[in-house]
């Protein structure tokens, strides 16, 4: 192992936690997480019906109106309804973050599984690649990639994907290494089962819980990441109602605080939801989990 | 045994560094435009003599592997190209702006440790009661907030509304920097004997350090809490209690000392996260560090600068990791055997 | 419990310590030096160069007018009156082609070199031969003769009513020829390729003005220091710092907190939220600036826009009233073309009115019954007091109603300016400020031999003729009639679409005295005091 700690980059909730108590006690974190995330997924799916106005309809005579009855979250600098834009923002952010992390986790876990199972030279080479990508602070590398390829959500997605997959590899590899020493795996191999069957039927089912936990936490991070890139000007192109871009627009006229504040609260709430979800999943999938 | 471990770690670090340069090179070549755009500004690309000189220096008229060779050679020499924005060698820019980021990061770390460790201890001692839940709430919200958003709000509230914090920048607008010794204002102002500048620099550090540190504070608090809880349940602590030692001594000395080991590790690892967070914090607080340099470079499509910053931050991370690993290898013999 | 108490004590001490440091500071600052320093909070990322003979941006004008003297100048209260600066007096020959200037004696450059007629000749020739953006100011000049050390004669190709106004423009500043040449500068005919002094001049000035540019850090700050050897009245402020502050809110915060004295980038939205009082004062006035859309005429950039009817369709689709009433909340005017109101030839009567039906009809006539797709490029920094993003979004929405689908292409300002100057745009939302106060530079700059027609690939020989004739015309009434004719053609050809001539807003610390908004270079810092 290249470092003493298998976790290269700590996120809040992968640190060891004590057991939450007796099995009968409700897993509050999981419930809260599912509710919040579920609510936002609902918003993302049904925004066109939930939103009172179109997110791009502008009304220059009512610019920067403070929150009120016609505009719940006020209007932005072009007179667009802030509330509708926040709702539609979920349509951009939620699917994007899900897709990116799904792809990153599949690819990363795949690489990690191969490295862990096959071992030897292959393992060394793959892990070196992982080390290299992990050496860059993610946002700096993502900025470099988007600057090279051009602004736009698609390139931002690609950049985030490229910086997100390595940690899944590390995690998966660790899991595979631990599990493949188990008796049932050795038995299966002794009985002559082919490698990939062993991986698929024996190793993966036991290895995936931490991947799922990390995945759900990472969706939250991906949301913040996309917003950060848009905030700098490298992600979403106007007039798309992307939350990071909305915060950027609101920051230059912060007296009109609602323009930047509500998108930020949206990000906060949805990421909290994913953090709770990950926390809850961790408890649910492996209640005796200590250090990874 | 130790030497083999050290040796191995260093070799791996070198491999990683090589990979970093290769990655930067590949990113540079993904620019779908004039390849010279990655090293020269638009005006310069029109001057044939300048073009020719650059083509020669960066090997742009040769095959890709040869280009990489030229690139690697240049990087090892310290030639990272010239920034379009500042018209200076990128390395010079980085040297100028790096101290500000390091100073901010260290300040943020200090804030995070000074507030995070006590918070974690408090939460552990009162675990599953109100202080524990409060601490958890603080760290959860810290991890879930986009740092540029909290920075904006903090700046508006504390600078403008409450008038507690000073404005953007490292010093007041009319103050000039002290003569540069280290690049750290806190050090340089003291070295110049200028207490006023020192105070001003410190005041300007606080708000961005708080904003940047809040995210890390949560992690440190939680790590302290969990680690302390584990240790408190161990045999030797029970023994210490049974022996009649006061609770304060038990927790404050015996338990904490061992509980802090993973915290120290976490601190080392969060450094990379600090660098990331610094990028956005510097933008909000107009902090002249490499984070802001990276942001202006990427919006201005100043490719030499972007790649220079990217490589530098990776090099820093690898170095910090190496140091942490080596220290760990020295401190914890079990690691070396693996 | 002991532990809790210790922990609480530690936390309390930390917080207290932090609070003390925060609040205790901000005390009696180096009072004297802050008093004598003027801090201007401004978005200075419009920078391209500070070389006085190339300067064509906004911030560099303020810097270069403080650092370099021109022969004559214009200033408050009457900006149309030509006043002496380097030239103590001048005469004009009866046929209007020969100007003889007597330079005041005893002027020294910051290097110590004395200023002579040679330096004037060098500077004006360098301006012309660098063939950069402002070179066209020197187009009327046939010859420059040094009569003696303090006398210079300029001969024009033909009489030119606006020539004195042109000489007051910042790029006509006089630089220290000895130093500039030592740094690789030249005024020779091939200066465009051979001059190497710009790099030096970007970071320090070599002039004779009341201030000296001592440092320039792109996107951070520009610093002017008082010129100790200045020939004129000693300015109050020993130091002027232009701090780069990109957002209006922060500029306002800084002025109200005393961290800055002047804020340059206020727009109507910020001003609406400011209560004037002891902390901040607002100055306002109609500017001579323009916010407009450059429309390419080149088939290479846009097949559709190369057709005049499509350009006119774009012009008919825009909701001009909505922009004036909504985006700038009424704080602006709309002249019909690029000549602003307040200048001869500036006119409102011909201004095009919105007509979406006509726009659709024109598109159909041009062969695009289903509309066209265009790209609107703009920079993300403010457009001289008008926020760019909402304006671009509005244009996109307006044009959509006529079937023109617009993709927004925001870019960082330096990148956008570079693209615009290279002509690589279809529609460009941009701003403009005066070169000098006469219709001729506007006519040239937008319709004739100046920079913008090159960017949008526009050329109309008829217009060029009118401009040439109007240049020579001495009778103001006849001149005006000529420019009105030009306006009509401009409205037909649509090389640019004029959107708004906005009001200027400046936020000031009430203690600052003598501030007058200068239409060309924002403010003459040498006139300010506290």
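Per-chain residue numbering starts at 1, and chain names A, B and C are given in the order in which the chains are listed.
Quick note on the criterion: contacts are C-beta pairs under 8 Å (C-beta built on N, C-alpha and C of every residue); 3 or more make two chains touch, one makes a residue touch a chain.
Predicted model, so just to flag it, every value in this text is computed and none were measured.
Asks: Based on which chains touch which, is the overall arrangement a line, ring, star, complete graph, or other?
Replies: It is complete, because no pair of chains fails to touch.
Asks: What chain lies farthest away from chain C once each centre is taken as the mean of the Cα atoms?
Replies: Measuring from the centre of chain C, the most distant chain centre belongs to A.
Asks: What are the two chains with the top count of C-beta contact pairs?
Replies: So the chains sharing the most C-beta contacts are A-B.
Asks: Which chain has its Cα centroid closest to the overall Cα centroid?
Replies: B
Asks: Roughly how many whole angstrom separate the Cα centroids of chain A and chain C?
Replies: 45
Asks: Counting only Cα atoms for the centres, state how far chain A is from chain B in Å.
Replies: That pair's centroid distance is 22 Å.
Asks: Distance between chain B and chain C based on Cα centroids, please, to the nearest Å.
Replies: Whole-Å distance between the two chain centres: 40.
Asks: For chain B, what residues touch not just one other chain but two or more?
Replies: Chain B, residues with two or more chain partners: 156, 299, 301.
Asks: Return the residues of chain C touching two or more other chains; collapse runs of consecutive numbers into ranges.
Replies: 249, 412
Asks: Scan chain A for residues touching two or more other chains and write them down.
Replies: 233, 251, 254
Asks: Give the list of chain C residues in touch with chain A in this complex.
Replies: 246-249, 269-270, 273, 322-323, 325-327, 380, 387, 389-390, 392-394, 396-397, 407-410, 412
Asks: Where on chain A does chain B make contact in their complex?
Replies: 1-5, 7-13, 15-18, 128-129, 131-133, 135-141, 143-150, 220, 224, 227-228, 231-234, 244, 247, 251, 254, 257, 260-261, 264, 267-268, 271-272, 275-276
Asks: What residues of chain C sit close enough to touch chain B in their complex?
Replies: It comes out as residues 1-4, 6-8, 10-11, 14, 18, 21-26, 29-30, 33-34, 37, 39, 199, 218-220, 239, 241, 243, 245, 249-250, 253-254, 256-257, 259-260, 412, 414-415, 418, 422.
Asks: Okay, in this complex, where on chain B does chain A touch?
Replies: Interface residues on chain B, with respect to chain A: 9, 12, 15-16, 19-20, 22-24, 27-28, 30-32, 139-141, 143-150, 152-153, 156, 218-219, 222-223, 226-227, 229-230, 265-266, 269-270, 272-273, 275-276, 279-280, 283-284, 294-295, 297-299, 301, 303, 306-307, 309-310, 313-314, 317-318, 321, 324-325, 328-329, 332, 335, 338.
Asks: Considering only the defined contacts, which chain B positions touch chain C in the complex?
Replies: Against chain C, chain B makes touches at 42, 85-87, 114-115, 118-119, 121-122, 125-126, 156, 159-160, 163-169, 172-175, 196, 199-200, 202-203, 206, 246-248, 251-252, 286, 288, 296, 299-301.
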